[in-house]
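Given below, in the form of structure tokens, are the structures.
Same chain, two partners: chain A is paired with chain B first, then with chain C.
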Partner chain A sequence: MASSSRDTTGDLFVRKATGLVRSWSVFDAFVYAAFSINLVTLGLYIFSQMYFLEGGLLPTLLISSAFILFEVLVYAALIAVMPRSGGDYVWQSRILGGGIGFVLAITGWWFILWLWVPLYSDMFRHLFLTPIFGLLGAKDLALWFGQNPLGLFLTSLVVCGFVAFYIAIGMKWYARIQKYCFWLGLAGLAIFFGLLLFGSPEAFQMSLNQEMPGLFGTAENVYTATMAAGQEAGAAAPMVGGGLGAILMAMPFMVFFNLWPNWGTALYGEIRGATDFKRNFSGMAWALIITTALGVVFFFLVQKTFTWDFYMNANAAWWNYAWGYTDQVPPLPIWPNPILLASMMLPGRFLKILVVLLISFWWFGWSGTVFLSSTRIIFAAAFDRLLPEKVAEVDEKTHTPVVALLLMVVPSIIVSALFAWNVFSFQSLTLNSTLVIAVTYLGTTIAAIILPYRKPELYNASPIAKYKVFGIPLITVGGVIFAAFLIFLLYAWLIDPLQLYGIGLANTSSIIFLLVMYGLAAAIYFGFKFYRKRSGINIDQVYQEIPIE
Partner chain B sequence: MSSLPLDSLQDELTRIVDQAESEGILLRLLGGLAVQLHSPSANHRELQRSYPDLDFITDAKGGQKLPSFLTGMGYSPDKRFNTLNGARRQLYFDDQHGRQIDIFVGAFEMCHKLPLAPRLPIESPTIPLAELMLTKAQIVELNRKDVLDLLALFLDHPVGISDDETINQEVIAALCAKDWGLYTTLQLTLEKLRTFLTKGEVNLSDAQLQTLTGRFQQLETFIDAAPKTTAWKLRAKIGKRKRWYEEVEEVQR
Partner chain C sequence: MTTIFFATDIHGSHVCWKKFIHSGKFYNADVIVLGGDITGKAIVPIIHLGGDSYRAVLLEQETLLDGEDAVQDMEKRIQSRGYYPYRTTPDEINELKAQPEKLDALFSAEVRKTLEQWLAYADEKLADSGIRCLVTLGNDDAFDLDDLVRTSKHVHLADGECIPLDDHHEMISSGWSNQTPWHTYREATEEQLQQRYASLVAQIKNPRQSIFNFHVPPFNSSLDQAPEMTADLRPRFAGNSLVPVGSTAVRAAIEEAQPLLGLFGHIHESKGTARIGRTLCINPGSMYEQGALCGAVINLGRNKIKTHMLTTG
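Our next item is the complex of A and B:
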């Protein structure tokens, strides 16, 4: 309750028993982190797009995860120093300065999420809608959702509805739902892995050829036809090997999947025990380690039953068509969803539907991540008066941040339309979704590197001050390693010497998109700073204080 | 009705509860001041303490009306806190007197969750005595003020089977029978109260000490005798190896 003094009587009283039970436990944070680097959604989606690379996917996954452990270290340390809702925005604005903090956080946690909505939607239709409609016998509807731009756009509207629901129900209910989704999704994943473990290439090939014509109207012997189409499309990616250079060049793709164990850090003002560095680190690190291990298991099981060649050929055949390199619909006219493919080995439709349904909980539990963390960044900026106060207001009845939600949903719908119909080549901007956030992370990482020197009182009073490597603060050492990794990624994306990623300087749409986003953020910052100054509020002074909670 | 908070905390409390009632908001007091209203012994020189703030609870419907109601009563909201936590907890400030109002919405959530909303209409201006006692007894890391409040409550009220100036043992036993964690913390709290008395931390008469220990014992016996749920029994098998309460954190305000 509201008492405030600390008092002790002998050893009977150890602390004042007042305060707040925060909404989320450490386990809730772990589940959120595990969903944020989601093998089933992000993982399967980006693995399939990497078909033309020459670096082995398995070593690429392992090496990138090793670097991302340093990201976890940096963020866990920053949380322990300043466990505040608003994460990157609060840390950057208080350590680097308001302008940098605002522009990098607003672009990385708000604007770029508009682009993530059609990506979440694309995964939803391929993972759930197309397979389910196909299995229910609605072949034409399944293919329409999987191939038609309007299908993608409608899916985006459904996704926006879901996300709005998640944000409206509040943190406590969100945690409950994501926990159910986590366990159900794990059950689905276990069945999926079991099918691959106990299946054989012969059984898979036979069941695929047997089931697909009935479900999706494919021609006879879809297996052989897919292998040939994939070869023609340029399938190249091996599971292992490929040389260090090729592996490094595959990493800018892989991080689309695994750069996000820190996705919940904007919420740590609402997570219990957030000043405990080790607890923060282990929650995010275990999510990363377990997901990486699951990815490795997936690769081996795919090789065992689908065969790696078939998997990559199917991916190549699909994306070659989806990206418009050919008008020829591939022999398998849907995204080669590994879960659906594996379920072909099950007898009857009911079991197939059950597996697809269970695995879809990976998407349902994850979908809220597209905007939940963003709301906290928007709130934090509004509390600092860099956005209108209205933005942080919640509806009295539903406790929903209606204005903040609208600011995320409405532009997302516009961007989804651009993406669905590929206006201004928007579909080529997929990796921008990762690039812009990586820039934000780089800002936070630089803030972490200089924290002990820029804010020594804050750092020395924190629980991380005792961690040093050869006398250098651990947060600085970890920050330097992760910053080097991020700089390499940014170089690869932007300069793109081998023209692998399609979002570099050679892509005018991409550069204009980036300039518009950063320009808009800078305009809001300077506009509001000027406006507040005229009202007698010095924004620079606001940044001298760490927000209280 | 004045739109500015009054100097006297007790007058202010009455003003808020009465006005809330007239606007259809079920608002009930808890915390130290609620104990003082119920217990003359809270004014005993050995059990006296300060009451810096007001703690309330309301139901979910009341929670929706609070922002406009309390703003109209002269309080300013803690916008940052209420935005993030307002569905279950809200904070308001009386800037003139340097006081704070802390309001639980729907349920009381600290070391244990107490579903207080269903029994709010039973009494006014405070929550019923059984729940009032539990809001203090559920604290795992008690402070001196909590102990003094608990002693005052037990000294002035018998443990029995009604809510009329009585600590309703049936209500407490029913909650403890469903929740092994709450049961365990209550047992620990009663033990701490006995230790506090044994150490002579407060100077009470022998008759008062006897009354207190008798009431502790009566409550314990009744709770122990109540039939427990299967969930309670399963949780009891794990015991204290697993933390049985929620961590309560200090919030910088």
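Our next item is the complex of A and C:
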């Protein structure tokens, strides 16, 4: 029977009541955050595209990560003050207003994920399909998947199906799959690093020249030919150095990889105290710090065994071709997948396949994130009557939100086709995927900055109220620093004074794409607000606080 | 047309109770319904250190309080989180730690004292308002609170009753839940719940025009998704694994009777709406510790729900 009281610390007496749980595991929180800033998928993909920049990749990684620690602080603090709220959408809606919250959340957590689908697919084909088919002896199929627009489009369809499966099985099973994928992926990463650690430039060069002709039909001495092609393509990025200005201007690329430690945030459960704030902060911060450290280790190991010059030249040669600056297929006719390249030093095909397979679990465990976040925001908007009720319905038989899924999948397929065949220069929009979410984060960060002043009672009764810097709330200080970082990124992307990112005002496709997205979000908001008003529903009341006497 | 405002699981939050009482006026509702779990979960001692000095630890943050104003301010903060502030001494703290039955008695007294204040507030504010206030007690609420609620002039205890809301709609209410890992007051097996619901449904004239106000949501309805727990009550996979924990008996009752509307709570994280057959099911969720009153405004038409909206007020 229930009448007993428990947990008698002397500072707090707690009854036995529903929902009172112990703290979650920081390690688990770390695992999910580490998946979000995914070195193998996001990291390797964007490092390879940074070949033409002049800022050193290593200091760029370190400095950007230092700024992103403030993002971790902002999000951990918001969760401590407003747990169980559902994240950016509700935080912004409650602090900044429903319209801003809707437009920024719907673009950052739904619409832009349409663009992430072909990006996830591009990573999938380069990390898994092309290497695996090549290693299995299906050279032509491997090259077709790696080079052909239809190959990318078909991969996008496979990815949509795969991720829809994750939605159908639900969070219970996805959380388990992610955990297994983490350990398997970690094993793959350890072998990969081991290969680079114990390999030598000579052994790598020899094995590359020996294996690649058989696997992908390259000419003899692909190593030297790749070096030459990379030079011609403009490979420039150093590992270190490059000057502070160049390093700062490389950050808008780097954040494609590391801006996301908050995606693994545990949003559930009642925050019971400052310890929970620290646990949330620790889970995300350690994921950021350790992934950054692994990135640094990767750079040094690449330099040691591939040599930095070869790595960047191979990247330059590939992307110069993939982005259509030349019709000439590079000597290495596939994306220079560092795992595949390192596996060349292994004897026999089985071990090579094993390494590629193991490391691909970083993609398999991570890929569900592309639609899961979107379905959540679609549901939240429907509950707020800003979308039809139908979109939040879950099919009884399949346990799948069919309409919400269609709202993700159908536009994603269209965007994937535009991306695959580079219609309207869609392949130049890669960094828009990051820009739009950064805008959403900026909204949340502004909400965090003003939270202690807009909602003083809520803030003062929270576990972080006592954290101050020179008398200013820590959440405000952290927010100002992170907001400055985001504003710098947005300036760099949009104004693009050095024409580095290709998504700024000079790129008409990019600007139209952004305007369409934000315009569509605003149109949905105002359209539904008008429609609901005619039906007798006042949308403004959704987040209006009830006055009390 | 009748307008209902429904909220639930305010767990001792003074702010949420006051907002609930004012919600009828704010949302132009004819009837305001509270779905249970009004009791707070913890007592925060404010320990007298001598003179005008006190010490309190709220959310693991220690605060030294100097003077009555500071103490009152802390009491408000504690209450805004849904906890009970309690002025005490180091000696009494030791006694409470050593004697659980004294702590039980203290909890009971604090809960009753708070509820008495709430009912007095409601009686004052609702008098002459024309707004009906129906309250159900949930699985976290002790049984002795039923009689206390019944002493109110303007707050009606709805648990176990079939109440006409207008000429066309009746509402049945139950604050009981299926079994939880916390072994709270009003828990029952699914078979027992089935019997309980059957006897309530039998009181309704027209089940298809009725409203089921049951504290626990229907199983696997998407309104019952809670973090999966380990045996020692830690969220598994850092809270990322969600599992359905609702009641199969509630689901069966809805599937069979197909009422117009189902109002639920219990699972704070699982805010949303869902359809089971023709029945619109709503769990407005709860953010009581933030002083935010999650609710739902529902306009009932004669044979349908004209409009509904979830709110965070």
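Convention: the second predicted complex is superposed on the first by the 504 of 549 C-alpha atoms of A that agree within 3 Å, B and C clash if a C-alpha of one lies under 4 Å from a C-alpha of the other, contacts with A are read in each partner's own complex, and residues count from 1 in each chain.
Here is the rule we go by: a contact is a pair of C-beta atoms (placed from the backbone, for glycine too) under 8 Å apart; a residue touches a chain by one contact, two chains touch by 3 or more.
These numbers come from a predicted model, not from an experiment.
Once chain A of one complex is fitted onto chain A of the other, the partner contacts of A:28 are limited to chain C, with no touch recorded for chain B. In the superposition on chain A, A:170 makes contact with both chain B and chain C.
Of the two partner chains placed around the shared chain by superposition, chain B and chain C are both touched by A:547. Among chain B and chain C, the chain that touches a larger number of residues in chain A is C. Of the two partner chains placed by superposition, only chain C is touched by A:82; chain B is not.
In the superposed model, A:94 makes contact with chain C only, not with chain B.
Once the two complexes are overlaid on the shared chain, A:384 sits against chain C while remaining clear of chain B.
Residue contacts after overlaying the shared chain place A:439 against neither chain B nor chain C. By the document's definition of touching, of the two partners only chain B reaches A:397; chain C does not.
Across the two superposed structures, the residue set of chain A contacted by chain B and also by chain C is 1-4, 8, 10, 12-23, 85, 170, 172, 269-270, 272-273, 379, 383, 389, 392-394, 399, 547-549. Across the complex, chain C is touched by residues 1-5, 8, 10-25, 28-29, 31-32, 81-86, 90, 93-94, 170-172, 174-176, 178-179, 264, 266-275, 283, 379, 382-385, 389, 392-394, 399, 457-458, 460-463, 465-466, 532, 535-539, 541-549 of chain A.
Per the touch definition, chain A reaches chain B in the complex via residues 1-4, 6-10, 12-23, 85, 170, 172, 269-270, 272-273, 376, 379, 383, 389, 392-394, 396-397, 399, 401, 547-549.
Here chain B touches chain A in the complex through residues 30-32, 52-55, 64-65, 67-68, 79-89, 100-102, 109-111, 135, 139-147, 192, 195-196, 199, 201, 246-253, going by the rule given at the top.
Against chain A, the residues of chain C that register as touching in their complex are 11, 15, 18-19, 22-23, 26-27, 37, 39-45, 57-63, 77-78, 80-81, 93-94, 96-97, 100, 103-104, 106-108, 125, 139-140, 142, 177, 180, 182-185, 187, 220, 222, 225, 227-229, 232-243, 266, 268-269, 271-275, 285, 287, 289-293, 297, 299, 306-307, 309-313.
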